[in-house]
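Pasting the structures here.
First chain A sits with chain B, and in the next complex the same chain sits with chain C.
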Partner chain A sequence: MTLDVIVEILATVGMVFLLLILGLIFMGIARKVSARIHRRIGPPLYQPILDVIKLWSKIDPSSHGLTFDLGPLIALGGAITAALLLPIMGLKLLSFSGDFIVLMYLMELPALGIMLGAAASGNPFSAVGVYRGLILFTGAQLPYALAVMAVAAEYKTLSLTEIVALQQGSILNWGLFRNPFAALVIAIIGLALLDVQPFDIPSAPAEISMGPMVEYGGKHLALMLTAHGLEFVVFATMYSIVFLGGVGDPISFIVKTVFVALLAIFIMNVYPRWRIEQAFSYLWKYPAALALLGLVKAVMLGGAM
Partner chain B sequence: MGFQVLETSKLLNYARARSLWIVTFCTGCGGVELPPTATARFDFERFGIISTPSIRQADLLLITGYVTPKTLKRIIIVYEMMRNPKYIIAHGSCPVNAGIYWDSYNTVKKLDLYIPVDVWIAGCMPRPEAILRALVKLMKMVKEGKALGWKRYLENFEFYRKKQDRLFGKDWRKREIEKLRFYIHD
Partner chain C sequence: MVSELLAIESLATIASAIVAKKSSKAAGIITLASSVSILAYLMTIGPRVLYDVVSLGAILPGNIVIGLTQVGWYFSFIVALVMLMASMFSLEYVKKPNATYWLLFNLTFLGAIGVTLSIDLVSFFLFWELMTWSSYLMVALGDTRAGLKYFLFSILGSISLLLAFALMWWLSGSTIIPKAFSIVATSSTAIRIPLIILLTIGFGVKAAMFPIHVWAPDAYPATPQPFAALFSGGLAKLGAYGLALLTMFISASKFMMFEDVVWGYVLAWLGAVTIIVGAVLAALQENVLKLIAYSSVSQMGYVVVGLALMTSLGMASALYQALNHALFGSLMFLIAGAVYLATGTLNFKDLGGIADKMPLTYTAALIAVLSSAGMPLTTGFNSKWMLFEALIIKNYYLLASAVFVGSVLGFLYNIKFVYGIFLGQRPKSLENVNEVGLLALIPMLTLAFLNLAFGILPGIPLQYINTALASLGIPGIEASLTGIYTNIGYWNVLYVSVGFVLAFGLAMVLFIAGGKLRRVSVLETYMSGFIPPENYVLRINYDFYQPLKFVFGRYLRLSVDRAYAWTTSLFVKVADIIRKPIYLGDAQAYVWYIIATIILFFLIFIGGGV
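And then the complex of A and B:
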């Protein structure tokens, strides 16, 4: 009995540590692949790890109060909790019957935590960034909720473990082929949640100098970078679980998550940044219509092909 | 301003050297040589160097042109907002000895009297190769723990402050903050 508990705790800590490192490596992959697309050499894959070590070693951190300090912690805590909900490589750490819905809400927590902390910093650029971020989130909510409902209606369950079980057998059982509309919409919304181009309106580096992150440096920024990398991995893993047939073994975990991440990186490098009202009207037109189609398909045809 | 202790070890110094973030505060005309240094041909990102728009996140301040007293005020404020350890590269002839503005009444001739500079680049303009050489030299100094301009600034703050006050007049910090009061809301 006690041995089981110890093993479970060790597995949890190990999994969190592995995913944190993997998140930073994913950011390294993003920088390297972007550099190759620009025909540059680019930094090594472990560059974000060096960045985080350097940021932790900075002295003289200036703080703007408790809320400012709590922002990155909320972001990292939300990302870690979301990571523990995922059934990865046969490990079910926090799985329960409704974990899909909880995961979908926890995916938004890192960006909200950063915005909460940024709003306390009193910098005008942060204020503009938070305002843009909240508008973008409002725009993303409608198609996001519709797509989540479509997935739930498609599988008739809200448990990630059962969703994986339902996709076994043939490659045509994957969520990508059962409900392509929902798969497309979640992929688009993921770009908005991960704050990458064309949806990096909140932290537009050239216009409002990193937006919410402008006052954050040193240890705060190290926490934020870690949380952002982890969010990237959590999103890629969630997408592989719900639409690409699950991540049962290490090889499929690596291949599928890197595939999803590479797609995001290519889109990020090809499309320029939208203005806020362009992004908002886009999100409420095409992804929302597609998600509604997906919902209709799931309800009318049920789980059938 | 008290004296601050910096933890040093081989790993920390290596990480600091391999991840210098530049704040893009380009004075004068020298900033035009930075895009070629950053893009495909010379690509300073392979050394882990990126340019960040936020002062709080930056490690390295590049002074890329002639410095007037008005600009110097901003440079000093930006430098003091950056977090320790922080480094300065003075880029081009103008910061070294005012270059072609050597007889101007309104150009700072000896930058080193007001802020500590770690590496100087001579030339008008310095080519991207020269900038890369300076960056690599700074990386080597950081790795060996020899880039201590920020420490000099803290230890000799009274000296630097006296020189700054002589140039700008007493209480110039307060006057500058009053100008920015409109943008601060807390």
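And then the complex of A and C:
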């Protein structure tokens, strides 16, 4: 028994490192695909890994105090904890400790950590990024909550492992086909949660020079990039678990998460950035209406097809 | 035995008021001693039924019953805990001899603890009034207008309560709370509906429920901050206590009727609106106390929603949230008090960047803010999580979405609180700020510690909550020391916190292994090539959530306050229209009125004689 536990813990630790690297490779994919869309050649897939190593080994990184340092640490810690809750490839160490709502909150923890650290920097661009981010969160929350409620009404459970179990059998049991409205809405909300164009209002490189990240460099930025990549993977995995029938084996894990990531990358390269109030009114109109439709479908037709 | 507690507190009230004229310290120590003894007594005796029948002899006919019930114990513990922290903080805050402060502070506490220790309606109402009056005086001393507003709403609440209590006594023939409240749950529709509405208004005023919350954002900031901690942390909980009694007795009886369900649904929506309105307005305030006051309104909304569900999970989440708000809400007021002691201002535009100067206060503030925003591993998350699960189990999906939006709005004001006071650039005027004294730090750090401790060990409060629910025959919820389990989900805090600590440790190792840090000032920031001069303002100290005004613009013009003002002016206008043809301002007309009245009386007299 103890041996099993040790093996499982080792496997989990290995999984965490795998996910960290996968997150950076996702960013590499994003850069490569964007480059191809722009008709450039683009950097190799492993370029973000090199970037992170380079940033991490920079000497003399500047700091604005303890809270400033705490931001990237909370971000990475929160992202890893969120990753631990996901049942990936049969690993279930922490997935019986928290359900979907716990995961929702833990997925917001990295962003909050970065905002806290950024607020401590004293740069007005950071503060602008912080309030933009929080207002965007508020905008995203209504359709997000409605869509999560549709998922809860659809599956009658919030346990991620049970949600996976309910989607087994036919491909038509997948959440994507059972409740396409909720699936679409959460895909849109994912862009807002991950700070991806057209919702990259909090960082907006051309306006407020990366917003909360403006003061971060060196090893702070290395940790933050790692955390951001991991957030990307966590969201893609969560999406695959809830809507694409779970990620039971390595092949489905890679295929499904990369599929979700590619969708986000295509959208990111096609749509320009919104202003904050445009994004807000968009989110409270169409995605919210769609999510409401999904909720009505889930409540009216129950778990049935 | 329990009535002696009230005797001790009465004596402490008188003694502290007498010595406070000479020394504030002595008064504070007496207050502290009495609140420590009350809390120690409550903790040793534990939740149980224990009562004294007290004869009032010459003052009133009949007896009153003072004692503990399991539900009352839970709320008296909350009030006593907040009082202990607030009175210790007051020792640091009120240095000059101030008899008024200590008298009203103690009287308010006496009223509040008396309410929770009352088993009959008479003493409940008397203590309720004592608490209301003494807190009104405290508010009025700070801000007369806010006091008047509070007083008006309190009168509305008191009259509703008095009517409801009289009705309950008339129906049940008893003033004992369990009997009187059971009659609400078993009476017929015609009586039940007005009774429930009256009780909801009566308790809702104290709990600052939408739309009768408007007194709270003015009243809390008008009082000294340690008193405000007791006011929002303790007194507002008693509104929740009353609503909890009502909902628990209704759901415990098997006579759940259609109107109960409708009432529960309406009440839950009122709670959700309270959460959202309170949170949006809190985010838009420019004063620290106003922000906390609105956040208190918002946080009490979760209690109302939880109670209105009338399921054991919902009510458990409400009772848990009542404790949580006592922990972080009063902590936020104490932090504001500490900031005021140190800087002498509470406007966001004059504050900022004092985290380095007040590191311990800042630590407490950070924990309070995380808990208030409901971050996992703090106690604020546990009750919110339970509420979401309860809403989903009850199939209230739209309501759950509204509560979700409200909870994310909570991030806004919490980040503003910590950024506005502690982070960013420090104004020149705050260069000489120092950390507050030990007597102010101990309560703040204790409350912060409790926020973390109950966050990782939700089983401790839930054990008492289950006892309280079980005392009315309501099934408890499934919880271990570190985990909560429902039909549709689970939340094991221990494993997740171990996971988080390990993950955080990994990040820390990576961080420490990197290059050595160089500390830079706020002026050394990226400013697109612009070199800021010495006194350049580098922080957003006004109108922080300006785009929020933009997106909610149309709705922000609506105001409950103005709605009341409009109603008042309508009454004045109507009365004016009626008055004008009668009161002409002409002496002759009044003489004719008098003559007409005399003739009228004369005719009645003759008619009666015949």
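In this text, the second predicted complex is superposed on the first by the 302 of 305 C-alpha atoms of A that agree within 3 Å, B and C clash if a C-alpha of one lies under 4 Å from a C-alpha of the other, contacts with A are read in each partner's own complex, and residues count from 1 in each chain.
Just so we're on the same page, a residue touches a chain if its C-beta (ideal position, glycine included) is under 8 Å from a C-beta of that chain, and two chains touch if they have at least 3 such contacts.
Because the structure is predicted, anything quoted here is derived from the model rather than measured.
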item	value
Chain B or chain C, by number of chain A residues touched	C
Partner chain(s) touched by A:A206 [first = chain B, second = chain C, both, neither]	first
Which of chain B and chain C A:L221 touches, first, second, both or neither	first
Chain B versus chain C as contact partner of A:L142, first or second or both or neither	second
Which superposed partner A:G42 touches (first chain B, second chain C, both, neither)	first
Partner chain in contact with A:I59 - chain B first, chain C second, else both or neither	both
Which superposed partner A:V33 touches (first chain B, second chain C, both, neither)	neither
First (chain B), second (chain C), both or neither touched by A:F96	second
Partner chain(s) touched by A:G122 [first = chain B, second = chain C, both, neither]	both
First (chain B), second (chain C), both or neither touched by A:D51	first
Chain A positions touched by chain B in one structure and by chain C in the second	57-62, 64, 122, 124, 127, 209, 214-215, 218
Residues on chain C engaged by chain A in the complex (per definition of touch)	353, 355-356, 366, 373-376, 381, 385, 388-389, 392, 395, 397-398, 400-401, 404-405, 408-409, 411-412, 415, 418-419, 423-425, 483, 488-492, 494-496, 499-500, 503-504, 506-508, 510-511, 514-520, 522, 524-528, 538-540, 544-548, 550-551
Interface residues, chain A side, partner chain C - complex	16, 56-65, 67, 69, 72-74, 76-78, 80-81, 84-85, 94, 96-102, 105-106, 109, 112, 115-116, 119-125, 127-128, 130-132, 134-135, 137-139, 141-142, 144-146, 148-150, 152-153, 156-159, 209, 214-215, 218-219, 222-223, 276-277, 280-281, 295, 299
Of all residues in chain B, those that touch chain A in their complex	4-7, 11-12, 14-16, 18-19, 39-40, 43, 45-48, 52-54, 56-59, 83-85, 183-186
List of chain A residues in touch with chain B within their complex	31, 35, 38-44, 47, 50-51, 53-54, 57-62, 64, 122, 124, 127, 205-206, 209-210, 213-218, 221
